[in-house]
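Take a look at the structures below.
Each of the next two complexes has chain A plus one more chain, namely chain B in the first and chain C in the second.
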Partner chain A sequence: MSGYLESQLIILCLSIIYAYGIFLPAASGQLNLGAAGFITLGAYASGWFNLSDGLGVSMPLSVVMAMLFTGAISFAIAFPILRTRGVYMVLATFAFAEVVSGLTINMEFLGAAAGMPVDDHAAVEIVVIAAIGVTLFSFYFMSTRLGLALRSIHDDESVSVLFGVNVRLAKVAAFTVGGMLMGLGGAMYGHHYNYIEAQAFNVLLSIYILLYVLLGGTQTAWGPLVGAIFFTVVPELIRNLAIEIGSDWLADSRFIFFGAFIVLMMVIRPEGVVTRTMQDRVASALAGRRKDTGETE
Partner chain B sequence: MLILQQLINGLMLGGLYVMVAVAFTLIIGMLNFLNFTIPALFMVAAMMMWATMTGNLPFGNETLLGVFGEANLWVAGVLIAIIVVSLASLVIERFTYRYMKAKYGDATEHALPLVSSLGFLIAFEHTVISAWGSDPLTVVSPFGDATFEIGSLLFSYPQVISLVLSLGIVFTLNYIIRRTKLGRALRSIAERPETATLMGVDVLRIVPIVYVITGLLCAISGVLFTINYTTVDAYIGDTVATVAIAGMVLGGLGNVWGAVIGGLMVGIIEVFSIYIVGADFVKVPIWGLLLIILIFKPTGLFGHSAIGKGKF
Partner chain C sequence: MSDNVLNITGIQKNFGGLKVIDDVSMDVRRGSRTALIGPNGAGKTTVFNLLTGVYPIDQGSIVLDGMEISQIPSQDRVIHGMSRSFQNIRLMPHLSTIENVMLGQHARARSLGNLMFPLGMLSKNKWRQEAEDALHNAGIGSYPGEVVANLPYGVQKRIEVVRALVSRPKLLLLDEPAAGLNEVETRQLQELLEQVSQSGVTILVVEHDMHFVRNLCDHVVVLNFGQKIFEGTPEEVHQNPAVLEAYLGREDSQPAKETSDAS
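Moving on to the complex of A and B:
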C-alpha cells in the first residue's frame, strides 16, 4: 500500500473510532461537543503509561489503561454534565474540552506546549483492527436492550420513563462507553504517530466529529460509519480530481463546497444520511430479493 | 496602579466580547439555537475591513480610493463590512430558520440549525482562506496609537471609543426590545412563536430582522477588532466567539444585560490570568468557571430558566 493511501486509511480509521465515541451518547439525543477533550485524555494517558519515564507498561496494557482512565473521567463528569440539557449540554462538554486542553498544555511532565513523544509504535494493522472492533462493538451495543433504551430516550424521554427505562443509567452508560471509545481513538493516534501535542486536538476537531455523526445519522449504527467515510474520503477525492485537472482553485476551495453541502443536507435529509426507515427499506429489499431467488430455484 | 491599569485593559477587551455575546444571546433567547455563524460573520467583517483598507478586495479598490480618499478608506471598510455581513445574515436566515420552519413546522426541533450554522462557519472560513490564505494579516490603524492619560492610567482612543460604542449599541438595542413595537414582537416570539403568530405577529418577517441585528453586532465588533488589534486571520472568529460564548453563559442565556456583564467579566478574567499566570493558562480559568456555572447554576447570573430546555 502506498504511503499516501496508508496515511488516509489511518485518518479514516481514527475518525470512525472518534465518531462512534460521539455517536453512543448522541443515539440518546445527547450532543457532545467535547470530543477533543476525551481524545486528549486518551492520547496523553496511554502515552504516559507507556513512557519509560512514566509507568513504562507495554503498549496493549497502556491502551487498555488509557481507556479505563478516560472511561473513569467520563463516568465522573457524566453525572453533572447530564444534568444539563440541549444547548447547555453542548456548552458544558465544549467547556470540558477547553479545560482539558488548557490544563494539558500547562503540565510540564506531559511536555507542556512542546508536545510529548510516545514510545511504542502501533502499526497500521492495529489501528484498522481497532476501528473494525469499535464498529462491530457499536452495532452490538445498539442491538442490546440498553441500545434500545437509548433509541427510545432519543425519540421521547418522558415516554421512556413511563415504560420503566432507567434514563439516568442509560445516559451515563452511553456517555461513559463513548468516552472510552474516544480514549481508545486518542491512544491509537498517539501510538501511531508517536508524537502528541494538545494543539492538534482543537475545537475544530470536536466540531468535525459531531458533524460526521449528525450528518451520517444518529438513528442507526450505520450513521457514524457512513458520515466518517464520506467526510474523510470525499474531500480527498475532490483534491485528487483538482490535481488531475490542474485546478489550484478547486483544491483550495473544496471545503467551501463541503460547508455548503452540510447546509443543504440539513434541508434535504435532516435526520442524517442513514435513517431507520432507510435501513428497514434496504433490509426488506434485500430480503425480498433473496426470497425471489429462492422461489425461482 | 498596575492592577487598575489591567482592569481598564480588561474592560476594553471585554467591550469587544460584549457585542458578540449579545449577538449569541439574542438568537438563543429568540430562537433557542446556538448560532455558530456568529464567529464566521465576525471574521468576515474583520477581513472585509482589512481588505478594504489594504486594497485587497477582489474588485473596486481604485474606485473606493477615488471616492473616499486614502485617509477615509476606513469608512468604506465599515460600510462594506456592514453590507456584506447583512446580506450574509439574510442568506443564513433562509437556511437555518425559514426552510426548516416551512418544511418541519418547527425549526428548533432536532439539531438542524446548529449543524447548518457549523456548515456556514466552515464554508465562510474556507472562502476567506482560499481568497487571502490562512496566515495572519496586518493593517496600519487609521488612528495611529493615539492615547491619553488620566493620572498615570493609559487609555487608547480607539479602545475607549469602541467600549463606548458597544455599550451605546447595547443600550439602544435594549431600548428597542423594551419600548418599541418591534421589541414587543421580538419578546412575544421568544416566549412562544405559535401564540405570537396567533396574535398577529408576522414571525417570518420579524426573524430576518433578528438575524440582521445580530449580523450588525458582529460587523461592528469585527470592524472594531481590526482597528484595535490590527492583525486578523481566518480563525479570529473562533477565538473571539468562544470567549464570548463563555461570557454569555456567565451572564445567563437570553439575557442582554447578562451578556454585557458576562462579556466584560471574561475580558477582565482574561487580562488578569495573562497578567498573573501567563498566556498559556488563560483557557483554564475562563472555561473552568464556565463549567462550574453550567453544572451548579446553569441559568447563569441573570438567566431565565425556560431557555435551552428543549432538544434544540
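Moving on to the complex of A and C:
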C-alpha cells in the first residue's frame, strides 16, 4: 500500500472510532461537542502509561487503561453535563474540551506545549482492527435493549420514563461508553504517530466529528460510518480530481464546494444520510432479491 | 387480595392557585371496565398523569393493588402493574412497530443481562416473538420495514394499547382510545379491549364517545371542574341531573334568564 493511501486509511479509521464515540450519546439526542477533550485524555493517558518515564506498562495494557481512565472521567462529568440539554449541552461539552486542552498544555510532565513523544508504535493493522472492532461493538450496542431505550429517549423522553426506562442511567451509560471509545481513538492516534500535542485536538476536530455523526444520521449505527467515510474521502477525491485536471484553483477552493455540499445535504436529508426507513428499505430489497434468485435457481 | 385494584383517596392537585383536582376519591374494582368521563377541562387526563407520576399529588393517597405508589418515582410505577396509552398518539415515530411494542416490555427487562441482550441482531428471540404474538393477537400485522409514523392512525392507536399491554399491567389506563377512529376502527378497538378485559386486566378508560362507553364499560365516574360529581352504571349516568347539568347546562334556568333580560 502506498504511503498516501496508508495515511488516508489511518485518518479514516481514527475518524470512524471518534464518530462512534460521539454517536452513542447522540442516538439518545445528546449533542457532544467535546470530542477533542476525550481524545486528548485517551492519547495522553495511554502515552504516559506506556512511557518509560511514566508507568512503563506494555502498549495493549496502556490502551485499555487509557480507555478506563477516559471512561471514568466521562462518567464523572456525565452527571453535571447531562443536566443540560440541546445547545446548552453543546456548550458544556465544548467547555470541558477547552478545560482539558488548557490543563494538558500546562502540565510539564506531559511535555506541556512542546508535546509528548509516545514510545510504542501501533501499526496500520492495529488501528484498522480497532476501527472494525468499534464498529461491530456499536452495531451490537445499538441492537440491545439499552440501545432501544436510547432511541426511545431520542423520540420521546417522558413516555420512555412511563415505560420504566431509567433515563438518567441510560444517558450516563451512553455518554461513558462513548467517552471510552474516544479514549481508544486518542490512544490509537498517539501510538500510531508516536507523538502528541494538545493543539492537534482543537475545536475544529470536535466540530468535524459531530458533523460526521449528524450528517451521517443518528438513527442507525450506519450513520457515523457513512458520515466518517464521506468526510474523509470526498475532500481527498476532489483534491485528486484537481491534480488530475491540473486546476490549482479547484485544489485551493475544494472546501467551498465541500461546504456547499454539506449545506445541501442538510436541506435534502435533515435527519442524516442514513435513516431508519432507508435502512429497512435497503434490507428488504436485498432480502427480496435473495429470495428471487433462490426461486430461479 | 382486595376487591379493588386501585384506591384513590382524597387526591388534590393545584397548578399555582388553580385547583385542578379537588379532593377526588374513587375505587376501581378488580376486573371491572371503568370509565372516567366529564366535560373538557374536567381533569380526567390530569388524574392519569397523577396516577402515573407525571405530576406529584399535593394531597391524598393512591393505592395500587394494596401498595401506596404516590411517592414512587414515575419510571418505577409501571413495574407495580400499571401502564397507559395517551390522548395524542405518543408512539416513538422512528421505531418500527415491533420495536415500539418491545419498549413496552422494558419494565420487565431491567436487569443488566436483559439490557445488554441484542434484541435487534437475533431475528428469533423470546422478546421479539412475544411482541409479534401480542400484535398478532390484537389483529395487527407487524409491518416489518416500516417506522410507525407511516402507519394509519387507527392502527397506531391500537399499537399504543398493545405496547401498554406487554408490560403485563393489572390496571390498564386508556386516555381517549377511540378519539378520531371511524366506526370500523372503533369496533375493532372494542373487540380488542373486551378480549383484554377477559384475560383479567382491569381497564380504566377516559373517553368522550358515550356510545363506546355504554358498550364497553360497567361502571362510570364523572368529573367536573376537578371534582367527582357522580358514580354509577352507564345507564344511571343519563338520568342524573348533576351530570346533565355539567354537560348541557341547566335546562330550566335558561328561559328564566331570557325573560329577566327582556324585562
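Keep in mind that, in the parts below, the second predicted complex is superposed on the first by the 297 of 297 C-alpha atoms of A that agree within 3 Å, B and C clash if a C-alpha of one lies under 4 Å from a C-alpha of the other, contacts with A are read in each partner's own complex, and residues count from 1 in each chain.
Methods note: a contact is a pair of C-beta atoms (placed from the backbone, for glycine too) under 8 Å apart; a residue touches a chain by one contact, two chains touch by 3 or more.
Small disclaimer: the values here were computed from a predicted structure and weren't measured.
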Which superposed partner A:S247 touches (first chain B, second chain C, both, neither): neither
Touching partner for A:S58 - first (chain B), second (chain C), both, neither: neither
Chain B versus chain C as contact partner of A:F96, first or second or both or neither: first
First (chain B), second (chain C), both or neither touched by A:S7: neither
Chain A residues touched - chain C or chain B, whichever exceeds: B
Which of chain B and chain C A:L31 touches, first, second, both or neither: first
First, second, both or neither for A:Y88, with chain B first and chain C second: first
Partner chain(s) touched by A:I256 [first = chain B, second = chain C, both, neither]: first
Chain B versus chain C as contact partner of A:Q199, first or second or both or neither: neither
Chain A partner contacts - residues on chain C that touch it in the complex: 52-54, 74-76, 78-79, 83-84, 86, 90, 92-96, 99, 102-104, 106-107, 109-110, 114-121, 127, 144-147, 150, 163, 167
Chain A partner contacts - residues on chain B that touch it in the complex: 28, 32-34, 36, 95, 99-100, 103-104, 110-116, 118-127, 129-130, 238, 242, 245-246, 249, 253, 280-284, 286-288, 290-291, 294-295, 298, 307-312
Touching residues on chain A, where the partner in the complex is chain B: 29, 31, 80-81, 83-88, 90-92, 94-96, 98-99, 101-103, 105-106, 112-113, 203-204, 207, 210-211, 214-215, 249, 252-256, 258-263, 265-267, 270-271
Touch list for chain A against partner chain C, complex: 139-140, 142-149, 151-152, 154-156, 158-167, 219, 275-277, 280-281, 283-284
